[in-house]
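Think of it as A, B, C, D and E in the order they're written, each chain with its own count starting at 1.
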Amino acid sequence: MIINCVAYEQGRRLRDIQPHEIGEHMARPNCFVWVALHDPDAAEMAEFQALFDLHELAVEDALRGGQRPKLEEYDEALFVIMHMISMREDQLESGQVAVFAGPGYVLSVRLHPGRGFAAVRQRCEHEPRHLKQGPAFVLYALLDAIVDRYFPVVEALEAELESIEDRIFVKGTARQSLERLYQLKRQTMQLKHAAMPLAEAVSHLFGGRVPALCRKTREYFRDVYDHLHRIESAVDSIREMIITAIQVNLSMVAIDEGEVHKRLAAWAAIFAVATILAGIWGMNFAHMPELDWRYGYPLALLMMGLACGGLYRRFRRTGWL
Amino acid sequence: MIINCVAYEQGRRLRDIQPHEIGEHMARPNCFVWVALHDPDAAEMAEFQALFDLHELAVEDALRGGQRPKLEEYDEALFVIMHMISMREDQLESGQVAVFAGPGYVLSVRLHPGRGFAAVRQRCEHEPRHLKQGPAFVLYALLDAIVDRYFPVVEALEAELESIEDRIFVKGTARQSLERLYQLKRQTMQLKHAAMPLAEAVSHLFGGRVPALCRKTREYFRDVYDHLHRIESAVDSIREMIITAIQVNLSMVAIDEGEVHKRLAAWAAIFAVATILAGIWGMNFAHMPELDWRYGYPLALLMMGLACGGLYRRFRRTGWL
Amino acid sequence: MIINCVAYEQGRRLRDIQPHEIGEHMARPNCFVWVALHDPDAAEMAEFQALFDLHELAVEDALRGGQRPKLEEYDEALFVIMHMISMREDQLESGQVAVFAGPGYVLSVRLHPGRGFAAVRQRCEHEPRHLKQGPAFVLYALLDAIVDRYFPVVEALEAELESIEDRIFVKGTARQSLERLYQLKRQTMQLKHAAMPLAEAVSHLFGGRVPALCRKTREYFRDVYDHLHRIESAVDSIREMIITAIQVNLSMVAIDEGEVHKRLAAWAAIFAVATILAGIWGMNFAHMPELDWRYGYPLALLMMGLACGGLYRRFRRTGWL
Amino acid sequence: MIINCVAYEQGRRLRDIQPHEIGEHMARPNCFVWVALHDPDAAEMAEFQALFDLHELAVEDALRGGQRPKLEEYDEALFVIMHMISMREDQLESGQVAVFAGPGYVLSVRLHPGRGFAAVRQRCEHEPRHLKQGPAFVLYALLDAIVDRYFPVVEALEAELESIEDRIFVKGTARQSLERLYQLKRQTMQLKHAAMPLAEAVSHLFGGRVPALCRKTREYFRDVYDHLHRIESAVDSIREMIITAIQVNLSMVAIDEGEVHKRLAAWAAIFAVATILAGIWGMNFAHMPELDWRYGYPLALLMMGLACGGLYRRFRRTGWL
Amino acid sequence: MIINCVAYEQGRRLRDIQPHEIGEHMARPNCFVWVALHDPDAAEMAEFQALFDLHELAVEDALRGGQRPKLEEYDEALFVIMHMISMREDQLESGQVAVFAGPGYVLSVRLHPGRGFAAVRQRCEHEPRHLKQGPAFVLYALLDAIVDRYFPVVEALEAELESIEDRIFVKGTARQSLERLYQLKRQTMQLKHAAMPLAEAVSHLFGGRVPALCRKTREYFRDVYDHLHRIESAVDSIREMIITAIQVNLSMVAIDEGEVHKRLAAWAAIFAVATILAGIWGMNFAHMPELDWRYGYPLALLMMGLACGGLYRRFRRTGWL
């Protein structure tokens, strides 16, 4: 589905055009065309492939989901695959955006769910002085928008980690913490697989040898790279803390276990003493004088109580109970 | 065993030829020969070694299994070793394919089990415009076919991981999960050992300095590389999740253990109380008035029941039972 | 807020100037302006952006906190982001300093809390022979001051680690050690995230290709780099020891647990023996001669005592009690 | 001790010579001398040091054991240290071989135990067409022989790992598995320390800049490198599986433990029920009608049996017994 | 404190000189001065700083301890920081040596404890043919001496590891092994922090671009590097085995624990059977014929004994006791 197909001249929007008009606009100097597709079918794609002379393999990748983020150069054109990641009800949702950028055109192909880029286009159109830098700036604007959408995800993951950490030293939460840590790990890795290859890709757009298309926009791509770097280091922190948290969680289980054992042992001792005493006075010896005492029975109960109480106090003091 | 021996001209199949005709076809311009062998014996191999002037060490590797995937350059010729991996009834099956590609010829040597490449040849023959790029395109087609066969394996491993994850927080599945995780780890490493060195090898076929033979097919090899990269990152994810799952599994065992302990402790306390009471009324004191009461016995049983029931309710509330 | 705005000539302080005088001073040879801002608002920043021709993206980063430490080159100017880390009551506090340095000016932008750089300026003004090297030396002085403030933090973390280590083999401290180790890990990672990217950034200011501005001050930046390297290796040591300490802690929990179990088992055995004996003499057989003995009862008690005492001694000797 | 000292011309053995004849043979074109020493004393070594103009530090290394595998270039000469590893009765045995190779000579110095290289020399002498490539080919032949002897060791380690894996999920084997895993780890590391630095060394003998001596034998060294690479990746697999196996082993111990606990708990419950019942009917209440029943006793025993049996069946069903 | 100040010409000792004579000797061709300081004060240092034109930052580092090992180039001069590590009564002791080497001079600055370098100077003076290579050779000799002193430390650590390993599978040693492993880890890291940065530093003194001063002594520095490499790989082995040993230790604790549990369970069962039997015959049923038998009591005791004995034998056979 074609979402937009607009021609720009000197950074200013000319007008919405039809696909068949693209060729003539691309030919004009200082002019470029920005096309946005959403879940296009093969026929639509084939049309643009012919118009922009796109490489067959790149087109295949743009249409099929599940690609790794990457940057490929085809002569003067660039082909970029990015993942859109967003958080929806504790679940990460992932979409794919492919961008073809070459002299005179930008073509973005968005697959599946996720927010569109209407806001990006609008912002760009408000800044003709930037937009007149042409397709490279549009590519930057799209990259920047997508990477900026990673930050709320990072923050959600960090918040989840902190919320788990708050409960990790609380008894009886081990199982739940574990499930949440495992889930968090999965999500962190998903984000990492979106951000890390993209960072590697973007790193080719500034610094040493840069594709001709992007030569005037290096500073911008360095900024995107820097954002991705921040995300990466946040992700690394989260991962390292998850590992530690899982270990700590195991230790906490073992410590709690140890305390249960001590309590169990203490109560067993208390009960055992009472049982032995009762057993002794239940023996059938003929000559057991205390059995005939007037207050033998209450005294016996008292003694049992005292023995148990004494043990109880002692265990209390040593912290076993 | 010779499976096929076909001459191609301008990307079109000429006809099946005999080994002794190979020389003359290789000499013709825009012509090349594509030979497929399966478990050849030394004599057959020696014939082709002489025809194509193959290096002795490479021939040895092609005949003997158990090689690492690799790419070697011999002057203008390329020698590639690949692993074929497939899933058969929960077991990974592995075969080896060696490909010699040089000006005018492609020779593939398949060892042991595994599907052949009839489909690859057929697809190539349907696209003469590609096939006329010569041996490099055939090499690409074989690589691509083999790498594409890794994806179902990756998916099977991911499915197995997910199926384990679904049960990892369920009680009483620890041992089975462990066995499956261990098995999964083995298989993942086997796949990794097939894909990683191959990725490294293929990376020499695009980008900077590329063997002369492959200069016009860079884009294709980059695509294969990209596929291998995807497999690698999937494998890395699986490995990292396996490590985490094993740790989580251990923690779950410890947590379950703790719960068994608590239940054990609770029941021990309940029984102990009943035992003590029975012990007390079993004592032989002369003056134990309740022993002579009309309803002493049922009252005693009632009291035991109440004590035990009270404890039971209490443990229930604290979650120990 | 403008903290300072001073002009220097030949390394000597000329006088405090107003922003509008900056242009004229920058134009004079051997003269530069050093401006310090604290939590500036957008308007103030815009003024200096225009004066020094700063890049829009760099200005944004300087105003917004939460950046990664980094070094960016813009033509002849440098832009550096650093983290200030300090320890306040067992908590790490973090601020951000951005420095713009170019021919004729240095602009430092400090955000949020943390000590200012009055002392740095003072020290610089006392060494005109150094200060006349211009903005690069000021940049060095600021870097050096910030990195020097990391050392007390490292020492505090090392002290905390040592204090934990002193108690890690003491019984009953496992839970507390664990909480402290977890906290220490967090803080160590925070320090690492301040120091490591900065080290990487500073490494571009000496050695091979160095920005023109810093060509005469390489030795100084190498010294800062070396300090950062020391911090990094201290941080790595702490991290590795934390990992080991957490494992050791878990083992200690298990060992202590084992000892509790042995004691529990020993006491259970002792009690069981007494219980059995009492049970035997509580049996109702008609012919149990010892029951009728004159001293049967005290002998029985004695025997119980001896049996229990014997077991006790034995467990003592084997170390179970 | 001099094992052999033979002159070769055009790849053909001339004859055994005396050390003092070496100089004259080295001077002849297409001629070289191959000397093999075994545990030489300092005097012998000094003689050859003078003859071949060997570097003092290299000679020292050749005479002293415990060196790391390495390759050093001295002008036109090469100096290689290798470890010989072999399996003898479940123990790894390690020897050192130093090879000096330069224009016109090869000198191998074997220390301590281990098989000699008579077979290598014999094989070389059967292939004059290879041997006439001179000292570099001899160096290759020695390297190849040593590396080939690593493979049986790798296979022995893999077999041991598999044998451990077969028993890792069997109860009651944890301790033994652990001892074997630990031992396996040691041996794997020993092999790794022999193979990895050697691989790094050999990698300088093919590819980019290659010592003049080896320029015509690159393909051979690449083959050795490839073998070492295979060993490395086998070693890495073993190491990773050992780590996993140790973790799995711990989990299995915990799981087995949990099962023992459950059985313990189940039997404790069964015994407790019987004890309580016996206790109840052992109470001394005056009015306990069942005590006077004709079949009270057998009924009581029956009831106890039923209660215990019922519990037993229930635990059986829930898998605790 | 000045330990030595000697002038050398053509590799031969001229005589001890006074600091003020240094300048004249440095000016003579083929002549150099070797000065050794121990814990110098700032004034002494300042004198030599002026004489040899040392960089202020390097002098600061030489005077202050706690530096990382490093190599810095200042024009034609080299500045090296090394750690001296020695074992004293199970504790590692660490000192710092700084060496300044330039055309015509070597200045070593030793801080704190540790052996001096008198032996090194003596050995050098016995080999004028080496010493005439000038300051670079002295630098090598010092490096070599310090690195050689690491080997006994490595051996002590390896011996300690082996001694721990010998006891790791012995019961009841877990706690002690753990303390020793932790201590060993600390020491290993200390050695690593001395050796690894030094290896990195020394690697700049041979191979590609080498400082002019060291151009004729590359082989020597490569030898030192090789020694450091051996230490590193030994240290890596120790570290990896420590990690494994800690895991194994934990598993051993768990296994031992399991055995204690089984014994506990077995004895509990034996005691429980005896208790139940005593309880049964302690019941007060009117009709319990065996109670009136002549040999009821001894038969009962016999039966208890048989039951307990039978169970004991059974547990014995299954390995629980």
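In this section, a contact is a pair of C-beta atoms (placed from the backbone, for glycine too) under 8 Å apart; a residue touches a chain by one contact, two chains touch by 3 or more.
Given the structure is predicted, the values throughout are model-derived calculations rather than measurements.
Listed by label, the chains touching chain B and chain D alike form an empty list.
Setting chain A aside while every other chain stays in place, the touching chains still form one piece. Chain A and chain D have centres, each the mean of its CA atoms, that are 40 Å apart. The geometric centre of chain A is 25 Å away from that of chain B, both derived from CA atoms. Residue positions of chain E with contacts to 2 or more other chains are 247, 250, 254, 257, 261, 264, 268, 275, 279, 282-284, 288. In terms of which chains touch, the assembly is arranged as a closed ring, every chain touching its two neighbours and no others. The ring sequence of chains is given as C, E, D, B, A, with chain C as the starting point and chain E next.
Residues 165, 168-169, 219-220, 222-223, 226, 229-230, 233, 237, 240-241, 244-245, 247-248, 250-252, 254-255, 257-258, 261-262, 264-265, 268-269, 272-273, 275-276, 279-280, 282-288, 319 of chain A are the ones that touch chain C when the two sit in their complex.
Residues 55, 57, 61, 66-68, 70, 72, 74, 172, 174-175, 178-179, 181-182, 185-186, 189, 193, 197, 242, 246-247, 249-250, 253-254, 256-257, 260-261, 263-264, 267-268, 271, 274-275, 278-279, 281-284, 288, 290-297, 300-301, 304 of chain B touch chain D in their complex.
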